[in-house]
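Next come two complexes built around subunit A: one with subunit B, the other with subunit C.
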Partner chain A sequence: MKNILKHYASVYHGFLQTSLSEATSFRLNFFLFIIMDIIFFCSSVMSVHIIYQHIEKIGIWSLTEFMFFLSFSLLVDQIHMAFIAENFWYFSDDIRMGNLDFFIIKPISTIFSVFFRHIRPASCINILFTGAYFVYCSKQAGLSNLFILVSPLFVILALLLMVSLEILLSCSMFFMVESMGINFLRMQFQKLSRWPDFVYGYMSQKVFTFAIPILLISNAPIKFLLNPTDITPLLYMLIAIVVTILLIRIAWAHGLRAYESVSS
Partner chain B sequence: MSALLSKWFQTIKISWSNLLAYRLNFFLLIIGPAFVFFFVKYNLWYSIFQGDKTILVGGYTLEQMIHYQFFTLITALIAQSSNGMKLSSDIRLGRISVFLIYPFNFWQYHCAHFLAFQSIQVIVGLLSISIFYYLGLIYNLSMTSCIYGFSFCIIVGVLWFSIQYLIGLMAFWLEETWILRVSFLTISNFLSGAIIPLELYPKWLVNGLWYTPFPYLTFVPVKVFQGQFDMVNTAFFVIVFWTFVFACISYFTWRKGLRLYTGAGM
Partner chain C sequence: MVIQSRNLQKKYKVFEKHPGIVGSIKNLFHREFTENFAVQPFDLEAHRGEFIGLLGPNGAGKTSLMKMFTGITVPSGGSLQVCGHDPSKREIDFRRKIALVMGQKSQLWWDIPALDSFLLLQKYYELNEVQFQARLSEMAALLDVEKLLKIHVRKLSLGERMKMELIASLLHQPEVIFLDEPTIGLDVIAQEKLRAFLLDYHDKNDTTMVLTSHYMADVEALCDRIVLLLNGSKCFDGNIKQFEQILGKEKYLSFHFSEAVDPQNSIFSGFDPKFSHENSKVELRVPEEKLNEVSLSILQQYTVNDYHTEKLPIERVMKTLLENPEIMKTNVSTT
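Then we have the complex of A and B:
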């Protein structure tokens, strides 16, 4: 087990190095990525601030609680953009052009080499910024130092659920000729998950919590952090992660059988 | 003249076929995001008002806010159709070499593609507005405001195309132009009143925004749909002005970029 982990760590180190050298070859792009992330961050934060200038509460939350939620969701998003997001775009191209062959024959997990190969170093820089903002909002929301210290664990859980749902959705690309639209659908799910669950109507809430559990990504950890006596949302989240990973195994196997290795 | 028209017509026809070849993909790429964006905003504003129809937020009742959001959806569907994605990949992959020798140039080709796209979006917009009207989700919609609104959205569509065309041309210098496209979309969603009506923004910010093209991308077309025609004349000239500005910049960018073009990937 230790050897396997070591092997994967060395492969990931290789991925990091190639991504870094690729990113630094196009310096203007590198800076534009940072600016794009900052624009997205500022527009999200300012939108909520503008709304709160006219009201006291949205649902049950005041500005502090809402910003705490938003900062958590932006942090998860930022880490996702830095380490995972890019790979989904490559995946649709790889299937269409038959490049997946080269991943299938490698002596490591295909899912690992497909979805963790490309890293965006420019976005890694902004993680510091969003992370600091999350700590600031946690303090504002009255979170104890202990909870702030354990919050990275919840960020990882949220990321795990988000990525596994996205991989499951991406398995549908095996069955499509042009699968760019699936990536857009994936982004729409992200958009839906960035808001507290009470914003949505009863039916939408149930669908996006139990059928397609995207609302659990940020809602479950934040609800737990705000009210640690209730562990139900976290339990739902853990169940959702396990079920999604099991479904990925089935869908991925089916997908690989359907893969025709076109153009290769 | 008829030969030139035929070239335009044939290119539009081919673009139609290309765009609609994978219908699910087209839906997920173009129509889906606009509807999901609307779904989020609808739920958000409903939650802000807590379903209470008597509360006023920034001078809007719940009904007025939802009405506003329905028209932002229609505006997005009609006006924000161009994305310049194809344009930048043409430059990056060296496909523009073909256009340099063809009797139908690069701009004409992409303009024809935009017209094909725009015509599909107008149909989608018309269908959506009819369904919303039939379901009673849109009210007080006169034929005049509908015609004005659609015409205005098409003009905004031209402005949107000129901006996207300029962003696409940046592919002469940049490896990826989608970064600029996404940044512009994020800024325009925020500053054009697509999420929050401009009446809710701080006054100093709104005053400054009128000197930019942003309010004309969503806020003004929505107001025109809602029957406020007082700003139509000024807005029309402002949009023409900005379109002209972006077209001029695109022209010089194209000339400068062409000097750098190496035909990579040929």
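Then we have the complex of A and C:
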């Protein structure tokens, strides 16, 4: 087991090296990504501030609680953008062009090679700002230092749920071949998950919590951090992660069996 | 036994799309599927160190076979063992033992130097630094690409890229190497260099290699065994000498006359004559035992400026077989 983990860590280190080598080959693009991330972050924060200039509360949350939720959601999103997001676009192309062939024959998990090999180093820089903003918002929301210290664990859980849901959705690409639609659907789900669950109607809330549990990504950890006496949302989240990972194993195996590559 | 297949089959489901706007809209709601057999029941046994050429026209099933051999696609029927593994299970140990080189696809990262991709492969295959450096420097020297290792892959010529692809595939010293048209699109010099490298690598490492190529020069230079596929079925399995004699023990005889000759002359009939436009040159296909007799009578009847004979080259055999696949039904030669 130790050797396997060492192997994966070593390959991931290789992914970091190659991604950095690729990203720094195009300097202007590298800096544009940093600027784009900063603009996305600022516009998200400012739009909520603008809304709160006109109302006192959204649902049950004041500006402080909402910003705490938003900062968590933005941090998860930023890490996702830096380390995983690009791979879903590449996966769609790899299936259509037959480049998946080379990942299937590499001596490591194909899921790992496919979904973790492209990293966007420029976006890593903004993780520092979103991370710092999250700590600031946590303080504003009255979180204790202990909770702030353990919050990275919740960020990891949120990422785990988000990525596993996306991988599960992406398994359908094996059967669809042309998968732009799936990637856009994935992005819409991301957008939905960036709002507190109480803004949605009863049915939507239930569907996106239990059937397609995207609302648990940010809502479950934040609800727990704001009210640690109720662990139900966190339990739902853990169950959703386990079920999704199990479903991925089945869907991925089916997808790989159905994969026909392309004619030469 | 390195490769053993029994009744191996691969069928694909394809749908036929009608053209035009109406066809496209209909296609959204209703599709007519047909099943195509890319590989019909196929048997093969390959031993360690063999260099096998898989030949056949486009769509014969060569690449489908390669993809089943490497575990990329799952067979529709039959059994397959490669290096003692069932490729469709895609076990990690199996993946360490094989390599695939595709002339039309690249496993190298396009926007970084090849060396960065090699470093990633070093981690994939868990090669220690000494092994990695030794293999890389040896192959880079043999292929004369040492100075190109730090150049971005997209800036390399096709020939240079192909050399890098080969290095990438051989770094982990696989037991079996599948080469799918590795020389496609390369100029003659680059083809020769690649062939020389592959031959040298094969001799030094006693690796089993399976090659598909449309260039008969690749096959003649590299392969000691040929497997011919037509419409997904194996039509021939033997060595090059047997393959060359598949149409009979014949030789090509060419004459260059001092003036135009009569193509209707019975002396040429029965030898598949091919005259030049002005009837001053002719090419005949003559059975070996009649070579002297035919040559002598032509030399006696006409003034000949030049003539020469050559065995039926593999390229011609292949062309004849592809044009007349029915020959294989009556003249099958297998080992």
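Here is the rule we use: the second predicted complex is superposed on the first by the 261 of 264 C-alpha atoms of A that agree within 3 Å, B and C clash if a C-alpha of one lies under 4 Å from a C-alpha of the other, contacts with A are read in each partner's own complex, and residues count from 1 in each chain.
Definition applied: contacts are C-beta pairs under 8 Å (C-beta built on N, C-alpha and C of every residue); 3 or more make two chains touch, one makes a residue touch a chain.
Computed from a predicted model, the values in this text were never measured in an experiment.
Novice: Are subunit B and subunit C a fit on subunit A, or do they clash, once the structures share the same frame?
Specialist: When both complexes are placed onto subunit A, subunit B and subunit C end up side by side without any clash.
Novice: Have a look and say if subunit B or subunit C is in touch with more residues of subunit A.
Specialist: B
Novice: Of the two partner chains, subunit B (first) and subunit C (second), which one does A:Arg257 touch, if any: first, second, both, or neither?
Specialist: second
Novice: Check the residue A:Thr18 against both partner chains and state whether it touches subunit B (first), subunit C (second), both, or neither.
Specialist: second
Novice: Contact-wise, after the overlay, does A:Ile105 reach subunit B, subunit C, both or neither (first, second, both, neither)?
Specialist: second
Novice: Identify the partner contact of A:Ser144: answer first if only subunit B is touched, second if only subunit C is, both if each is, neither if none is.
Specialist: After superposing on A, A:Ser144 lies clear of both subunit B and subunit C.
Novice: Quick one: is A:Asn227 in contact with subunit B, with subunit C, with both, or with neither? Answer first, second, both or neither.
Specialist: neither
Novice: Counting only touches as set out at the top, which of subunit B and subunit C does A:Ser10 meet: first, second, both, neither?
Specialist: second
Novice: Between subunit B and subunit C, what is the tightest CA to CA spacing in Å in the combined model?
Specialist: Value for subunit B versus subunit C, nearest C-alpha atoms: 6 Å.
Novice: Would you please give the residues of subunit A that touch subunit B in one complex and also touch subunit C in the other complex?
Specialist: 26
Novice: Please name which positions on subunit C make contact with subunit A in the complex.
Specialist: Those in contact with subunit A are residues 12, 59, 63, 67, 70-74, 88, 90, 92-93, 95-96, 98-100, 102, 104-105, 107, 109, 111-113, 116-117, 119-120, 122-126, 152, 180-181.
Novice: Hey, which residues of subunit A end up touching subunit C in the complex?
Specialist: Interface residues on the subunit A side: 7, 10-11, 13-15, 17-18, 21-22, 25-26, 97-99, 101-102, 104-108, 110, 256-257, 259-261, 263-264.
Novice: How about subunit A: which of its residues touch subunit B in the complex?
Specialist: Subunit A residues touching subunit B: 26, 28-29, 32-33, 35-36, 39-40, 43, 46-47, 50-51, 53-55, 58-59, 176-182, 184-185, 187-188, 191-192, 195, 198-201, 204.
Novice: Using the touch definition up top, name the residues of subunit B that touch subunit A in the complex.
Specialist: That would be residues 21-22, 24-29, 32-33, 36-37, 39-40, 43-44, 46-48, 50, 57-58, 173-176, 179-180, 182-183, 186-187, 189-190, 195-196, 200-202 of subunit B.
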